[in-house]
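The next part holds the structures, each set out as C-alpha cells.
Across the two complexes that follow, chain A remains constant while its partner is chain B and subsequently chain C.
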Partner chain A sequence: MAFPALTFVAVFSLYPAMDSFLLSLYSDFPGPERSFVGFGHYAELLQDAVAHQAFIVTLGFVLFSTALELLMGTGIALVVHERFRGRGWVRAAVLIPWAIPTVVASQMWRFLLNDQYGAINAILFGDRVEAYVPWLADPWMAFGAIVLADVWKTSSFAGLLVLAGLQVIPEETYDAARVDGATAWQRFRYITLPLLKPALLTALLFRTIDAFRVFDLVFVMTQGGPGDATQVIQFYGYKTLFTEGRVGYGTTISVTVFVAMAILSLFYVRTVGSKLLQREPA
Partner chain B sequence: MAGLELQHIEKTFGRSRVLHDVSFEVGDGEFIVLLGPSGCGKSTLLRIIAGLEPQTRGSVFFGGQCVDDLSPPDRDVAMVFQHYALYPHLTVRENLAFGLKMRRDPKPMIEARIAETAALLEIHDLLDRKPRELSGGQQQRVAMGRAIVRKPKLFLFDEPLSNLDARLRASMRVELKKLHQRLGTTMVYVTHDQAEAMTLGHTIVVMNHGRIQQIGRPEQIYHEPANPFVAGFIGNPPMNLFEGSFSLDQRQLEFRVGDLTLRFPFQAHELIGADNGMATLGVRPEDVTFEPQGSGHVAITGTIDLIENLGHDSIMHMMVKGQSLMARTSSSLRQHAGESITIHVKNFHLFINERRIPLQSP
Partner chain C sequence: MTNRPALISGILLAVLGSLCPFLWFALTSFKSQIQVEAIPPTWWPDGSLVFYASALVEHRLLHYVTNSLIVAGATTVVALVVATPAAYALARLRLPGKTWILGGLLCVAMFPPIVIAGPVWQILERLGGLNTHWGLILPYVSLTLPLAVWILTTFFHELPVELEEAARIDGCTTWQALYKIMLPLAAPGLFTAAILTFIYAWNEFFFALLILTDPERQTLPVGIALFQGEFIMPWGEIAAASVIATLPLIILVLLFQRGIINGLSAGAVKG
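Showing the complex of A and B:
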C-alpha cells in the first residue's frame, strides 16, 4: 500500500529536489557545454552582498508579519469566540481576506497604494493632490506595505488556529477561575494564554515557514523595489534565474532556502511538535 | 460560615424558564442536597448561588445579607465542578494556590494553607504533579482541596462524584461526609444520584422541571414523598405507581386499575366526603412481604415474571391482572418465573391531584 504514495513522493518531491541540487552544482548555462563547478555557487552566495541584503529583508518580513499576525489573530479569535448575535457572519467575514488568492490581494493593495489614483491617498488627502504620498516608492514604506498586505491577508488564518485552541479550553475552567477571584485580565493572562500556547506555537510554525517563502506579494506589489528594499530571498532567486538566466546560481539560492526551511521545520517539529503531540499544554 | 437563603429565584434563558419561584433556607453548617434528574435546573441554581449566573428574579442571602450584587469571589464561596476544572498547566500546588494568590494572601500563609489542606486530604505526594498525571480520584481530591484551601463561607458541589467509578464514588461519599463533619461549613451539593443525596444530606431539595417538588430530611423524602414524582424518583428499585380510580366505602378504600381492584382498610380523613376520582397509588418494593404479618396488610396474588438476583436480595417482577409490580425479596426465596405467588403489602402511598394524601389505619 505504501508503494503508490512512495512513487508519488519520489516523482514529485524527491526527484525535483535532487535535480535542483544537481543543477546548483553546475555552471550557469545549461546545455552540453555546461561544466561541473561543485560548491562554487554556494561559495559565491556566501560573498554575495545582494543576497545578504535579501536575506535580511526576508528575516525582517518574517519577524514583523508573523508577530503582527499572531497578535491580530489572537484578537480576532478572542472576538469571534465570544457569543453574540451575528457571530456566524463575522466569522465568515473575517476569513474573506484569507480566501482571496494572494496575487489578487497583492494587486488590490497595489491599486490602493498607488500614488496617483490609489484609494488610500484619496481617503487621506482628498483633492490635495500635492500631498499624495508615493507609498511604494519609499524603501521603508514599501517594506511596511508588503508586511501590511500580508498581515491583512493572513491574520485570519492565524486567528482560525488560535480559535481552535480557544475552543478546547473548557468553560468550567473559566468558572473555576472566576470563583477563585481572577479578573477578566487575570483569566486571560493566567488561564487563556498558557492554555493557548500549543495553538499559538502551531500558528507560529505555519506562519514563519510560510512567511519565509514570500514571493507573490513582492512580485506583484514592488518587484523587490525601490532599490532592493523589498527584495526578499525568493524573489532574488527568481530574478537571478529567470531574468539574468543564471540557472546554476539561481538554483543555488532556491536550494539554500529549501535547506534553511527544512532545518527550521525539523527544529519546530522536534521542539514544538513533540510537545503538541504529547498534548502537553505547557 | 453562613446560612443560605433563596427567595423566589426565577431564571429564564431566552424564552425558556428553567427555574420557577425557588425558595428555601439552609441553616449554618448544614449539608443540603439539590436532587433531581438532569435538566431540572439544579446546576443552574448552584451557579446562581455562586454568582456565576445572574438570576432573572429573586434574591440570594448569605448569613442574612443580600449578595445579589456581589461577584463570586466577593461572595466567598468555593465550588467543586463536575469535571474538576483543574488548571491543566499548573501543578497541584499551583492549583491550590491560585485562588489565594488572586486575593493576594501573603506567601507564608499560602504555604501554610496548602500544607494544611494537603495533610487533610492526603495529597502531599501529588503537590508537584500536573493534573493529567493524576487519576480521576486524585483529581477529585485536588479539586476539593482547591475549595477547602480558601476556607470559604460556603461550599458548592456540582455533581463532583459523577465521573468516578462506582467503588470510588462510594468511598469519596464517605470522605465527603467526614470532611463536612470536620469543617462544619455549610455545603450545597448538586446530584442526580439519590444514594448520594440520602447518605450526605441533612436536607434534600428534590427538583423537577425547575420547580421544587419537596424539601425534607432524607427519611421524610423516602417515607412521605410529597407527590408521585418524588415517590418514583427516590428509591431503588423505584416505587410501583399505578394510575387508577378510587372510591371510599365506609371504613375502607377501594382502588381500581384495569382489572385489578384493591380494597384496603386504610382511611384518609381528607377524603371523607370526596367523590370518587382519579388517583395514583404507590407501593414500595420494600413494603412487600411474603408472609401475612399483623393486620392492615393487603394480599395480592399474581405470577412471577422474572427474578433479578442481586446477591443479598433479589428483585422480583410479577404480573397482577395485567399490572406489573416489583418486589424486593430475600435471595432465599425458592420460587421461579411462571409460578403463582401471593404477596402482602404493608404500606400504601396515595396521591390525588399530584398531592400526597396521608393514610391512616382505621
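Showing the complex of A and C:
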C-alpha cells in the first residue's frame, strides 16, 4: 500500500540526490568530452572564495533568523495560549504571514524598504526626503532586510510549534506554583521554560533546516547583492547549475549543502523524531 | 497568568505586526500611479482599480492564476491519493522497517531543493516534462508526500483499531476497511493534509522557476517574481497581483486556522 508513495519519493527525491553525487564527480559540461574528475570539484570548492562567502552568509542568516524567530515565536505562543475572547481570530491573524507566498512577502518587503516610495523610510524620516535610506543597496542593511523578511514570515510557524508544547503542560502545575507564591516570572522561568525545552528544540531544528534552504527571498529582494552580501549557498548553487550550466561544480555545491543538512537531519531524528517512533505499537 | 495590560499589548503587537506590512501593500494596490510615486508616500488610497485592470489585462494575471490552480489542485489530489494508503499501512500494518520508512520520509522532507534540482531537471528533460504542468506536479507530489503521510499517519493512529477489526470480521479486505471505515473517520486529517499541500504547491517558487520558462505555463509566484515594467518597476500592479495571489490563502487560514495549526504540529510535537 505504501508502494506508490515510496516510488514517488525514490524517483523524485532519493535518486536525484544520489545522481547529484555522481554528477559531481564528472567534468562540467555534458557531451563527448565529459570526463571523470573524481573529487576535483570538491578541491575547487575548497579554494572558491565566493563559495566560502556564500556559506558564511547562509550560516549568518540561519543563526540570526532562527534565534529571532524562536524569540518572537515564543512570545506569540505565550499570547495565543492565553484564554480570551476572539482568540481564534488572533491565531488566524498571526498565521497570515506564514500563509502568504514567500515571493509575495519578498516583493512586499522590497517595496516597504524602497528608497523613495517605501513606508519604512516614511515612518522613520517623514518629510525629510533627503534622509531616506536605500536599505537594499547597503551590504549589512540588505542582509538585515532578508533576515527581517524571514522573521516576519515564519515566526508564527515557530510559534505554533511552541504553542503545541505549551498545551501539554498541565494547568495544575501553575496552580501549585501560585499557591506557593511564585511570581509570573518565576512560573515562566522555572515551569514553562524547562517543560518547553523539547518543543523549543523541535522549532529550532525545523527552522534551522528551513532557513538553510532560503532562496525566494534572496532571488526577489537582492539577487544576492549588493556585491555578494546576501548571496546564500542555495542561490550560488542555482546560478552555477542553471545560469552557468556547470553541472559538475553546481552539483558539488549542492552535495556539500546536503551533507551539512544530513548531519542535522540525523541529529533531528535521533533526538526528537525518536519520540514519535517509540510510540508505535510493537 | 492573567496580567491584563501585558496580554492586551501582546495581542496588539502580534496582530498589528503580522498584518500591517501586508495591509500597506494591499492599500498600495488601490492607489493611483501618482499616489504610488508620491514622496513621501500617501497613506490612504483613492480607491482606484487601475492596477487591477492593468494586472489582469496587460500582464495577463488570470492566466497565471489558472496555471497555479491547475498545478496546486492536481498536486493536492495526487498527493492525497498516494499518501492515504501509505499512511494507513504505516499506522496499522505490520511492515518491516516501518520506523525506518517514517524516519526516511522525514529526512527526505528536509532535502534542500538545490540537491535534487539538477537531476530532477534532467529526468523531466528526458520525459519531455519541462514547461509542462505535469512536469511540475510530479516533483511537487514527491515533495509534499512526507508531510501528508505524517499528518495522516498521526490521524490513523488515533482512530480505534476495534472498528477495523469489526470490519474484518464482517469480511472486509484491508482496502475496504480503509475506504469504508477509516477514510470517513479520518476526514478532518485528510482535509488538513489537503490544505497544507495546496498551500505548499500554490506558494512554491524554486522548482516552478526552473521547470517553467515559458510564460504561457508559469505559475503565480514565478509571474510575481519576474514582474517587469517597460521603464519603471510596476509596484501598483505587483501589489494588485500579490493581493490576488494571497486572497485564497487568507480565506483558507480564516476558515481552517484550527486544522492548520494541528496539522503543522502533528508530525512535530504531538507524536
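Just so it is clear, the second predicted complex is superposed on the first by the 264 of 282 C-alpha atoms of A that agree within 3 Å, B and C clash if a C-alpha of one lies under 4 Å from a C-alpha of the other, contacts with A are read in each partner's own complex, and residues count from 1 in each chain.
Here is the rule we use: a contact is a pair of C-beta atoms (placed from the backbone, for glycine too) under 8 Å apart; a residue touches a chain by one contact, two chains touch by 3 or more.
Bear in mind the structure is a predicted one, so any value in this text is a computation, not a measurement.
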item: Partner chain(s) touched by A:S156 [first = chain B, second = chain C, both, neither]; value: second
item: Chain B or chain C, by number of chain A residues touched; value: C
item: Which superposed partner A:Q186 touches (first chain B, second chain C, both, neither); value: first
item: Contacts of A:P101 with chain B and chain C, given as first, second, both or neither; value: second
item: First (chain B), second (chain C), both or neither touched by A:S35; value: neither
item: Partner chain(s) touched by A:Q223 [first = chain B, second = chain C, both, neither]; value: neither
item: Touching partner for A:I209 - first (chain B), second (chain C), both, neither; value: second
item: Overlap of the chain B and chain C footprints on chain A, listed as residue numbers; value: 280
item: Residue ranges of chain A in contact with chain B within the complex; value: 170, 172-173, 175-182, 186, 190-191, 194-195, 197, 280-282
item: Interface residues, chain A side, partner chain C - complex; value: 1-2, 4-6, 8-9, 11-17, 19-20, 23, 75-76, 78-80, 82, 84, 88, 90-97, 99-104, 106-109, 111-112, 114, 116-119, 121-122, 125-127, 129, 132, 152, 156-157, 160-161, 163-165, 168, 174, 184, 187-188, 198-199, 202-203, 206, 209, 212-213, 215-216, 219-220, 233-234, 237-238, 241-242, 247, 250-251, 253-255, 257-258, 261-262, 264-266, 268-269, 272-273, 275-277, 279-280
item: Partner chain A, residues of chain C touching it in the complex; value: 1-3, 7, 10-11, 14-15, 17-19, 21-22, 24-25, 28, 36-41, 82-83, 85-86, 88-90, 93, 95, 98-99, 101-103, 105-108, 110-123, 138-139, 141-143, 145-146, 149, 174, 199, 202-203, 205-206, 209-210, 220-222, 224-225, 227, 235, 238-239, 242, 245-246, 249-250, 252-254, 257-258, 260-261, 264-265, 267-271
item: Residue numbers on chain B that touch chain A, as the complex places them; value: 47, 50, 52, 71-73, 77-79, 81-83, 85-89, 98-99, 102-103, 130, 132, 146, 150
